[in-house]
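Please go over the structures that come below.
Shared between the two complexes below is chain A, which has chain B as its partner in the first and chain C in the second.
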Partner chain A sequence: MLDKFKAKFVEESMDNLQDLEESLFLLEKDLDNKELIERIFRAMHSLKGGGAMFGFNHLSDFTHHLETIFDWVRNNKLAVTSDLISLTFSAIDHIKNLIKTGDLTDDQELKGHNQFIVRLQSVLSDSTSTISVHSAVDSQNINDEISESKTYLINFIPQEELLQNGTNPLYLLDDIHALGEAISIAYTHKVPSLELIDITANYCLWQILLNTSESLNEIKDVFIFVEDECELHIDQIADSNILQKPECIEIINKAKKGNSLLKIEDFQSLSQLKPSSQELESGEEKKKITAIKEHKISSIRVASHKIDELVTLVSELVTIQAQLSLYSESNEDPVIVSLSENIQKLSRQLRENAFDISLIPLQSELMRFQRLVRDLSKDQGKDIDFVIEGGDLELDKNIIEHLTDPLLHILRNSIDHGIELPEERIASGKSPKGTILFKAFHSGANVIIEVSDDGKGMDLDFIRQKAINKEIIDQNAVLTDKEVLDLLFVSGFSTKDAVSDVSGRGVGMDVVRRKIANIRGEVSIDTEKGKGTTITIRLPLTLSIIDGLLVKVGANQYVIPISAIDKIHALDPSQLKKSFNNVVVLDKEQIPYIDLRNVFNAPEVEHDVIQMVMIKAEDRITGVIVDSVIGEYQTVVKPLGRYLKKQEILSGATIMGDGTLAMVVDTSRLLMERKSKKVAG
Partner chain B sequence: MLTEIKQQFYKETLQELKNISSDLSAQVIESDKKSLLVDRIFSVSHQLSGTGPMLGFDMSSKISRKLEKTFYEIRSGEKEVSLQLLWQTKRTIDSIIDCITEENQTQVPQQ
Partner chain C sequence: MEDVQEITLLSFQIQEDTFAVDALKVDHILEVPENITPVPNAPEFIKGIINLHGNIIPVADMRIIMGKEDITSNQDNSIIVINPANNQDARVGIMVDIVKEVIETKSSELKETVLDGKKGLIESFEGTLLINDEFIHIIDMNNLAEIIEK
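And now, the complex of A and B:
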């Protein structure tokens, strides 16, 4: 049971950290934003508390120091600087590690951990000298100006029967303390002598000075079930935090010593502003509305394996529904036909809902990219503005999982090879600050992700020369600009002369293209020397159900994804016979083709008309010859399993309504294989 | 007969109180479940404060009367449900659970 809670803590902490990183990014742009500082403080506070509860002692201890730093920040004892933000980012990385591994056991790691704590402590010790520079009055003024909290004096005078009703007044005091900063004074002067004490009676009363940003109702609600058994007065005594003011402390000490109750008048000299009751009410109203808004549940957390199960079940349902449709068509019973139609409608809706649920916003991964750009640009002395457009776009979670690495690589390339150093940029008449634009948007049934930089762009002649030197192409080869850029996707091609930590190891863009192809996506490059580079990734919305074109090759059926198809041509068989080197001429254009009958070793049958499915990939059209085209088919793609894993032309299989199998053709791999001549045309 | 009725009442009330207490422990309560929870709290407190005294659960019905009054106001729209209020409700329900258990133990001879 505890393990379950622990796992939940880990999951929630990771979310907390993401929130923390997001807040830090925003804080970096607005160093004095109190709301952000409060958010950061709260996230650390939760990590510390949860860590201690679930046995992450090192995490709890570490976050305690970080929390203290931000407690100082929120109390204006410490200023937010770029260094502090960098340190906090590094601390977040360390926290992530502590959450993943739990308490450290390795001596080396422990040493590093302790050194980090010393660094955190030094932030506080260094800052004390800075604080003394500010005059006490100034800092107090700042504190008062920006504070939204109010100070209340609460008189809690319970009747003697309070305990008999099952109320523990100490719990109530705890709840009051949880609302903000509080000082409680217990008055015991009514406690009788020992022989007269009734152990079930309460003789104490309390006064609490509470500084909180919560509403008056929130405070009143603490006492809601003891109202009849106590005398309760809650009065606002200041519209800022006065609890740390020496005059206030003096008043409290005096009351404690003399056992005399505090009065509102005692604090009159300390309060600067007394808002009218109307203002007080409208303020409370606003807070109430905000609180209600905050507490509205807009989403729930579901384990990802449950979503996977749901999607699998829906896929099964779609398959069964296809069988039912087939059966109802052959059996003309009107009841079955009508039932089948209803089930078809419902399963379509269910399928759409289930796939919608499995989409997650790209935003969840963007934080990593922001960190990467920030950290790398600082390391390399480059000034880069990372602009995100369309971060709320949603994609299949399986696609997002496979997309992160390629995108990280593309961004690394942009920072390392693309954006120039500030002095170089000034020399070439650009602003010293470079920009990387990350843009995601829908285009039909696809999602397009563009990563563009305004850096130095790519030198096509240089790439060409490099390819010749590496014997990738022949010296006399005539290549278009696009073909030259395609060389970057060839394995082992690296243009950076010095291998850096960042990129330039020669295992770059070919891996990117392969990984994107694995999720049925395409990647292309567009560049202009001196102006910048844009990498475009085109992706399908989902992986598990596709709109396919069902075709027949030999005795078997195959599915070609419709998203890859440009059009279908009917050919005279003689055109193929006349063709040379697997190229036919259509509409005065030379079209290379692949005969699927040869690819799948199907016997060639004579046809009056041959069907050629035109496939569009990376702006090129390639024909695919099939025996016949059956029609459109909603395809639930199933993985091929271990036995067929090694083959490269099929991306999956689907079960047809009549129970037979149809293989799903991976068009991008088919074309790639053709290029490398593995596939017989 | 009365003992049987009492035991039945005790068991059912205790179970519902425990269920509510557990539901109130959830970190977030969805808004549609919240109104259902309000109804359940009102219902159990109404039942306990009404029937409880007849069956000898005097103290627990006295405490539950406070809940009944507050949740009556909530149901009639006079009062809003805050997180603090739900938290205090949980505290009160837990003390009713202690109280009704104790009352039951002192009144019903152990078999």
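And now, the complex of A and C:
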């Protein structure tokens, strides 16, 4: 049970961290943005509170120190510097680690952890000197603030169970003290005699007199995690600082001695506040709280496997629905026909809805990329501007999951080998600041992601030479620029030591292509020496539904994705006979072709007319010969599973309306297989 | 003392031999459908793929995997859908001559399988059981899955 909550906490913390990182990035650009600082503080606060609650003590402790720093920042006691932001970034990494592993047990790690805390603390102690200067300058402001400040009486009466959730009430008091000048009074009169004490229970209650310029909301936020476990009253007792007034001190001392709670009336003589205005404020307060609660319901968190299940069920429904319409067509019962049409309409809407649910914005992953660019460029002394366009584009969550690693790899390549050092850039007449542009956009049924840099580009001759040395191509092979770049994708072409130093790029591009191919995507490279490199990833919108052309080869039906098809040609058999080396001449153009019957080991049957499906891939047209073309068909693609992984040309199978199966042809694989044969000679 | 576990097995026959698999890892037992869709370029023992409640399941012919030469089909032939790794992706149907029965036994009853002069592709068995003068060889499902995956 607890594990479940823990998992939830981890998940939520990751969200918080993401929010934190996002805010930090924005803060880096706008160092004085109060709102962001507030957001950062809040995220840290949630982490701290949650950490303590779920037994992540190191996390909670660590975040407490971090929070203190941002509390100072929030109160203008500390200025935001880029050093501070860098420190916070590495602190976030540490927090991530703490969330993943829980409390540290390894001595070495623990030592690092403690050192980090010391580092955090030193930020505060180092800055005291600067603060005094700061405060001298700002003394006028501070005075202004004080005159605006109000004094509140906080009654904090926790229930006995408070401690069981891991809440430490003393932290809460710390937080309150951080808001301004405060005097807290602990009442212990409820503590029972020793033999009756339940050591897990809390018997204390507190009253705090707080003078602060923060809003009532800020004070309430401190108690946000314990709202349900305590009785909380916050009342304004004066609209100025009365804590130092002798009358006030006397009242407080009296309360401490007598263990009798302070009442608002006690302070009435000290303030000129009218009770009616208080009423008003608390009324507004309530409205705000309900607004927050209503806001919360507008989105819910759903386990991703439930969404997977929904999508699977909907896919199944689409299949069954196709069977139903097939049946209704053959039985001309008007009732069934109209029912079937209605179900078809509904299931289409349902399908669109379900797929929409499984889409998540790319934004969620971009933070990691920004982080990578920032950290790597700092490490290597490069100045890189990372520009993101189209971050709000939504993609199937499965696609995004598979996309992250390849994209990280591509970005790393761009930073490591693409963008030059500032001096080099100036020497070659470029601006010292490099740019990496990350662009995502829709194009037909595809999503295109482009990562381009204005770095030094790739050296085609070098790549060619390398391929010859590695005996991937023949010494005399004539290759177009595009074909040379394709060599980067041949597995075993690039090894880190061989390529990274000299030519620049392409490290592990074969892995990138394989991973992208797993989600039915394609990768291509464009480069110009000295000007930069662009890597383009083309992806299907969703993993599971495609528009396809149903064809027949031998006894089997196959689906070719329509997105890959240029057009369909009917050929005279003699046109093939005359051609050698599998090239057919159409409109005076030589077009290479693949006979699917050979690829799939189906008998070659003589036809009066040969159907050739023209497939467009990477600017080249290739003909694919099939026995017959049946028609257009929207298909729910199902994976073939791990046992048929070796069938690379087939990306899946689909269930037809009549329950039979058709296999989906992966056209880029088909063409690649052909090409690799050519390359190998 | 050795740990004794209750085990439940599903036995089936492939010509003269009786084999069994862990019944808890059996998802379905099906009749052989009329239309198994052959997969081009797949290994010989892959009969093809079938549609099981909207999912694609590959079917392997156990008779070929066990090295039998005669693979004529009859109407008793069945497909046992097993799920060795307990996830959707790992499901596979194995085609057998005839499904026999469910056997409840204890792990202590198992004896080591004699593999000398074995035929077929399977390399490891979980043991052999002797019931009514009949030897029942218990197939190591993970090994079977590995073979099909290769």
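Here, the second predicted complex is superposed on the first by the 497 of 681 C-alpha atoms of A that agree within 3 Å, B and C clash if a C-alpha of one lies under 4 Å from a C-alpha of the other, contacts with A are read in each partner's own complex, and residues count from 1 in each chain.
Please note the rule applied: a contact is a pair of C-beta atoms (placed from the backbone, for glycine too) under 8 Å apart; a residue touches a chain by one contact, two chains touch by 3 or more.
Just so it is clear, the model here is predicted, and its values are computed rather than measured.
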May I ask you to name which of chain B and chain C touches more residues of chain A?
C
Please work out whether A:Pro192 is in contact with chain B alone, chain C alone, both, or neither, and reply first, second, both or neither.
neither
Which partner does A:Asn556 contact after superposing on A: first (chain B), second (chain C), both, neither?
second
Touching A:Pro573, do we find chain B (first), chain C (second), both, or neither?
neither
Given the touch rule stated above, what does A:Phe600 touch, chain B (first), chain C (second), both, or neither?
second
Let me test your reading of the model: by the given contact rule, A:Glu316 touches which partner, first (chain B), second (chain C), both or neither?
second
May I ask you to decide whether A:Leu644 touches chain B, chain C, both, or neither, giving the answer as first, second, both or neither?
second
Would you sort A:Tyr171 into first (chain B), second (chain C), both or neither based on which partner it touches?
first
Is A:Gly55 touching the first partner chain B, the second partner chain C, both, or neither of them?
neither
Please identify the positions on chain A that touch both chain B and chain C, taking each partner from its own complex.
none
In the complex, chain B touches chain A at residues 28-31, 59, 62-63, 66-67, 70, 80, 82-85, 87-89, 91-92, 95-96, 98-99
Touching residues on chain A, where the partner in the complex is chain B:
164-168, 171, 175, 217-218, 221-222, 224-225, 228, 288, 291-292, 295-297, 300
Could you please specify the touching residues of chain A with respect to chain C in the complex?
312, 315-316, 319-320, 554-556, 599-602, 638-647, 649-650, 652-653, 655, 659-663
For a test of understanding, state which residues of chain C touch chain A in their complex under the given definition.
35, 37-42, 46, 49-51, 53-58, 60, 89-92, 145, 148-149
